[in-house]
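Okay, here's the structure, questions in a sec.
By written order: A, B, C, D, E and F. Residues from 1 in each chain.
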Amino acid sequence: MSTLNIVNKSPFEKRTLEQCLKRIGEGDSVLLIEDATISAVNGTAYANLLLEASKQSRLYVLQPDLQARGFAEKPLLDPVEAVDYAGFVDLVVKHERVHSWL
Amino acid sequence: MSTLNIVNKSPFEKRTLEQCLKRIGEGDSVLLIEDATISAVNGTAYANLLLEASKQSRLYVLQPDLQARGFAEKPLLDPVEAVDYAGFVDLVVKHERVHSWL
Amino acid sequence: MKLAVLINEGPYQHQASDSAYQFVTAALAAGHEVMRVFFYHDGVNNGTRLTTPPQDDRHIQRRWSALADEHKLDLVLCVAACQRRGLVDEGEMKRNSKDAHNIADGFRISGLGQLVEAGIEADRLVTFGD
Amino acid sequence: MKLAVLINEGPYQHQASDSAYQFVTAALAAGHEVMRVFFYHDGVNNGTRLTTPPQDDRHIQRRWSALADEHKLDLVLCVAACQRRGLVDEGEMKRNSKDAHNIADGFRISGLGQLVEAGIEADRLVTFGD
Amino acid sequence: MMEDEEYQGGEVKKFLYVNRRLPHGTVYALESLETVLIGAAFDQDVSMLFIDDGVYQLKKDQAPESIEFKNFSKTYRALEMYDVEKLFVERESLEERGLSEDDLLVDVEVIASKEVKALIDQNDVVLSF
Amino acid sequence: MMEDEEYQGGEVKKFLYVNRRLPHGTVYALESLETVLIGAAFDQDVSMLFIDDGVYQLKKDQAPESIEFKNFSKTYRALEMYDVEKLFVERESLEERGLSEDDLLVDVEVIASKEVKALIDQNDVVLSF
């Protein structure tokens, strides 16, 4: 697969998520970590942004960071897959390069 | 005057400016410093946000920070007044409190 | 007027400490009193004497120390933030069994209460951060 | 696979160093090689041995030092970033006429070229920052 | 620091702590809370306002043990013992995030966005990290 | 660091430096540039991409002497001497900010937002601070 894009900030705080999503496409993936994990939860104002992106990119969320913020039990957006740190490592290995959007 | 609100981040990077503007009103002022200064320049996508806010709040921009970023000669939005650090100090003195939106 | 300043970021990475320095200099020039500059969070990193910035760049720590010396400024580093980040004076060195200290002239380490006190006693508190 | 990691923020203020630590631990557990962890910008602040975090909290520096010891990790602090922020080893102490050093076990100070080299030699470079 | 607890200034000011960031990703939420707790010893009039991502600081079920962080969220429940009883949360901030009062771990007063200015205007000192 | 300049690995990779932040407010623009300059000694294939607020790094007339900062913006003009000749700027990022190519202090290749992915895909290593 092409690029693993990592986003770590809440879309309510910074525009990083939308700035990342508009430059990626077929074969790219997005991994939400740290404060960005809350955007994977169902029902936020940015849900559509991710649903739209899921049409061509795979979306992942780092479960331990979501759990830290109190969302282990809340339903996630359908196309988002939860991974742990081992899964994070696998994603890095499977993609050709990693791009951290800081 | 009521509150001097300080914003220091670009509206293209963080949502701080809009988050500040929607909670202030009559008697409040906004001082743009550091990376936020570029929003005072004419012609950016966030010009209307500031023009709207100027209907009830006074807007200031820290000139040395604007100059650092190469905008000393570019026209500013009409309602925005440029101040130097001495002017920044005066604004702090003239308002009842200071609120830095970090 | 009596002013106090809060700085939440370290030197060089963010403009916060620079902006605060320019603000304090202008406030003093205008005849105001700056009763305290409180360094919190990564802001405590401004207080190490071990930096060696490039010679053609500003020396943020020395600039603060010189200003403190000239104007008898009270530069306070938050003790809890110092402990998390490795800012140490002689007292902290002994208390925490460390083998070195790194605090610069003109800075002192004290409690967060000094920030609250500054908020009470100053007419205005101005915060600089990220 | 051969991995390299870049950390751009100091301990405690941002999650970057924590995330990187968990990632490196998981990578090692999965049998990958981590050929270098490079600390740049405020990231160099992870390498001071003078921190004393609260006893019920994680000790970020010691955790890195222990991991380096166990897995022969190469933890490199960028020299230019160290000079701006006050991270000093014995060599830097002498070169810059400082009176103390504060670098922790398992870290070394070297040039930015070590980051570029990591980019060349590793199969993947993963960055953690603010 | 014992000296902090002996403030005899007598002056009482109204302090507003404005919390706008998520917990854990940065240290600000924790260090804001520590300031509030220390400040309680000064017998000032303290309010806390949670807007924007700050509302996540009060989310139930936080389990930062998953990333080896201390779980300080329970401390918000102890604020009452420090006479910090005025916790304000902005309704619009909750709604945008798909959250409701039931998701919060303490009792709060929910206010509208347009009431925030009046709250700020009532205070002497505003601290926002 | 002399040892940096003696890299004998022989391998050539394509490095893309992605710049997305304003200069001066944070140190990232300066330290990204320093990495590019050091990296030049390794004879790699280097490109720089300026998107979002990163386009401000190339703004003419920067005068950070006003805040006692070093003016490193002239260094972008020296990149050619280091064989760093591929500077890409995104058109949409310029437009949103009311800027045009004439505002920039170096010659660049202006590309459309939808071309960014292809550029990234051509590179082996992406560095973004």
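As a working rule, a residue touches a chain if its C-beta (ideal position, glycine included) is under 8 Å from a C-beta of that chain, and two chains touch if they have at least 3 such contacts.
Computed from a predicted model, the values in this text were never measured in an experiment.
Chain centres here are means of the Cα atoms, and by that rule the chain farthest away from chain F is E. Between chain C and chain D, two chains of identical sequence, the interface residue sets overlap for the most part, with shared numbers making up over half of the total. Farthest chain from chain C, judged by C-alpha centroids: A.
Centroid to centroid, with C-alpha atoms defining each point, chain E and chain F lie 41 Å apart. Taking each chain's centre as the mean of its C-alpha atoms, chain B lies 38 Å from chain D.
Centre-to-centre, using mean CA coordinates, chain C is 26 Å away from chain D. Among the residues of chain C, those in touch with two or more other chains are 8, 12-13, 15, 19, 22, 41, 54, 80, 125, 127, 129-130. Shown for chain F are the residues that touch two or more other chains, namely 24-28, 52, 67, 69, 125, 128-129. Touching two or more other chains at once are residues 8, 12-13, 15, 34-35, 64-65, 97-98, 100, 102 of chain B.
Listed by chain label, the pairs that touch are A-B, A-D, A-E, A-F, B-C, B-E, B-F, C-D, C-E, C-F, D-E, D-F.
Across the interface of their complex, chain D is touched by residues 24-27, 67-70 of chain E. The part of chain F that touches chain B in the complex is made up of residues 21-26, 52-53, 56, 59-64, 66-67, 69, 73, 96-98, 103. Looking at the complex, you find that chain C touches chain B at residues 1, 3, 8, 15, 19, 22-23, 25-27, 29-30, 32, 124-130. For chain E in complex with chain C, the residues that touch the partner chain are 1, 3-5, 7, 9, 11, 13, 15, 27-28, 31, 34-35, 38-39, 41-42, 44, 125, 127-129. Within the complex formed with chain F, the residues of chain A that make contact are 2-3, 15, 19, 22-25, 28, 96-102.
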